[in-house]
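Next up: some structures, all given as structure tokens.
Okay, so subunit A shows up in both of these, paired with subunit B first and subunit C after.
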Partner chain A sequence: MKTLIIVAHPKLVESGTQQFLKTSLANMSEVTWHVLAPKKTHFDVSNEQALLKAHDRIVFQFPLYWYSAPAILKQWEDEVLTRNFVYGTQQALAKKELGVVVSTGDPQRDFKAGSSEQFTLSELLRPYQALANKAQMTYLPPFTIFQFAYLSETEKQQLVVNYQQYITNTDFESFHGRELWFEQQLKQKIKVNPDLQKLPQILTAIQDNRENLEELGWTLSMIKDDEDE
Partner chain B sequence: MDTNDWVKTQLEELSQSSKQYEDRAFYLALLALVKEQQQRLIQSQGEVDGRTWNPSKW
Partner chain C sequence: MKTLIIVAHPKLVESGTQQFLKTSLANMSEVTWHVLAPKKTHFDVSNEQALLKAHDRIVFQFPLYWYSAPAILKQWEDEVLTRNFVYGTQQALAKKELGVVVSTGDPQRDFKAGSSEQFTLSELLRPYQALANKAQMTYLPPFTIFQFAYLSETEKQQLVVNYQQYITNTDFESFHGRELWFEQQLKQKIKVNPDLQKLPQILTAIQDNRENLEELGWTLSMIKDDEDE
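Entry: the complex of A and B
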């Protein structure tokens, strides 16, 4: 799976969050980090459309500006997402996935009915869900980062791996999908560090656990089917 | 020592001794995964036992 990350941030160089996210992907393959440069007057539409076509998961990544993305992303959408390309004759984005990585300086607890922001981020990001729907894409649950500057060291480390999975794991939503992703990553590490002899043993143990869980799952579903009769 | 306990000890060590930040983060997350696998194994095994012990089917 190839992932295209479209980064829309007017002050990218100053953003610790964006730098952190970029570094998190240093060892990930099949990922394209595509920055929307603020100085451009117009986007090269055919170039941008070719990029979109060449990837399977498209991710809009931006800081929340007035409950939306910075203007550059809207400009990119208006210029690049032409009618024919999206839902006319071409439907070039159909069957691809659309994800959103959004960061905000406000705490998570504020984004709910009755709290100071009143709305959840899922509600505020509806236009992207509508776009995905129109383009016949699968809309992924938004990946949210609240108050990056206040995260503890452990929370930042968790953010690295959760973000890596949002970008590269085909099935990051299920526990089984996460197990398979970790196994895949561990296999990569074994290739790079053949001297670390404990890594293959760790991999075997994790695979055994997964297989045992799968077997228990099948047994349970058989028992449940039997109970239904 | 149980295999999973050995794995957890190794992952704790790797999450502290690895040179790269992303590697330390990876092993820490993998440790959390192994703990959840263990938890799920216990729960699933318990559910199988509980559902098998069904006097109404005797």
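Entry: the complex of A and C
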């Protein structure tokens, strides 16, 4: 799976969050980090469309400005996502995935009815969900980063792994999918550097775990069958 | 009441809808038609903020592009609506109103769950509602124009009146408010041109009507009081 990350941030270099996310993806293959340059007057439509075609998962990544993406992403949408390309004769994005990585300085608890922001991010990001719907894309659950500056080291480490999965894991939503992804990551790390003595043991442990879990799953479903009879 | 209409349309001159709306407001006082010029690189922030301060009702007017305003309005928001101006020390927009006039080439029936666009315009326009909330503004029900090109002459005449009220009527949502607005409009027309022989008669008829309606309202409320006892 190839992932295109479309980064829209007017102050990219000064953004701790964006630099952190970029670093998280070092050594990740099949990932394209595509920055929308705010100085441009117009986008090269055919270039941008070719880039979209060449990837399977498209991710809009931005800080929340007035409950939406910075203007540069909207400009990109208005210019690049032509009618024919999206839902006319070409339907070039059909069967691809659309993800949204959004960061905000406000805490998660503010985004609900009755709280200071009144709406959830799921509600505020509906225009992207509607776009995915129109383009016949699968809309992924938005990846949200609240108050990055206040995250602990442990939370940041967790963020790295969750973000990596959002970008590269075909099935990041199921436990099974996340486990398989960890196995693949470990295998690759061992391949690149066999000196990492402990990794093969961890990998075996995870695989054993998974087999045990699958057995338990079978047992549970048999018990359930008995109950249903 | 002073109304500021912020018009965001990349092809304003070619837009039949926008030209129609502009013409609808000819002779309307206390209305500022403010076009966001797409060629500008940056907005004059203090100019724009002064303009906002000088008006009571702020209206974003645009065609729906990818379920949101064209990029130029987002750029304006990102640059002009600074934190301090909106919700920091100044709260300069508090107690003002925010309206949205949005046009789309798709029919109204497409904007609901299960239909082709999946979401209502109320849902898609949440980011503006959230902005109003943050700025302590009153959010007006969005004024929607579906498939302008297919409207009949009668529908267009109705649109003129409804739009004029959305822009200039302090109370366009109640029947009473709309009636008062008609009275004012007629009075003004008679004042400007007393030769319009029939208008004073229409005005009297409307006023009589209103008095009758008020009487009926009293009678109804008395009947209800009797029932409640």
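Basically, the second predicted complex is superposed on the first by the 229 of 229 C-alpha atoms of A that agree within 3 Å, B and C clash if a C-alpha of one lies under 4 Å from a C-alpha of the other, contacts with A are read in each partner's own complex, and residues count from 1 in each chain.
The rule is short, and it goes like this: a residue touches a chain if its C-beta (ideal position, glycine included) is under 8 Å from a C-beta of that chain, and two chains touch if they have at least 3 such contacts.
Quick caveat, the model's predicted, so the values are computed rather than measured.
Of the two partner chains placed around the shared chain by superposition, neither subunit B nor subunit C is touched by A:Q90. When the two complexes are overlaid on their common chain A, residue A:Y65 makes contact with subunit C while staying clear of subunit B. After overlaying the two complexes on the shared chain, residue contacts for A:K198 are found with subunit B alone; subunit C is out of touch.
Applying the stated contact rule after C-alpha superposition, one finds that A:S15 touches neither subunit B nor subunit C.
In the superposed pair of complexes, A:Q207 makes contact with neither subunit B nor subunit C.
When the two complexes are overlaid, the chain among subunit B and subunit C that reaches more residues of subunit A is B. Applying the stated contact rule after C-alpha superposition, one finds that A:A130 touches subunit C and leaves subunit B untouched.
Look at A:Q108: by the touch rule set out above, it reaches neither subunit B nor subunit C.
With both structures placed on the common chain, the touch criterion links A:T82 to neither subunit B nor subunit C. By the touch criterion stated above, A:F175 is placed in contact with subunit B alone, subunit C being left untouched. Residues 3-4, 6-7, 10-11, 21-26, 28-30, 33-34, 36-38, 40-41, 44-45, 47-48, 51-52, 54 of subunit B touch subunit A in their complex.
Of all residues in subunit A, only 23-24, 26-27, 154, 156-158, 160-162, 175, 178-179, 182, 185-186, 189, 198, 201-202, 205-206, 208-210, 212-213, 216-217, 219-220, 223-224, 227 touch subunit B in the complex they form. Those residues of subunit C that touch subunit A in the complex are listed here as 10, 65-72, 74-75, 77-78, 81, 116-119, 123-124, 126-127, 129-131, 133-134.
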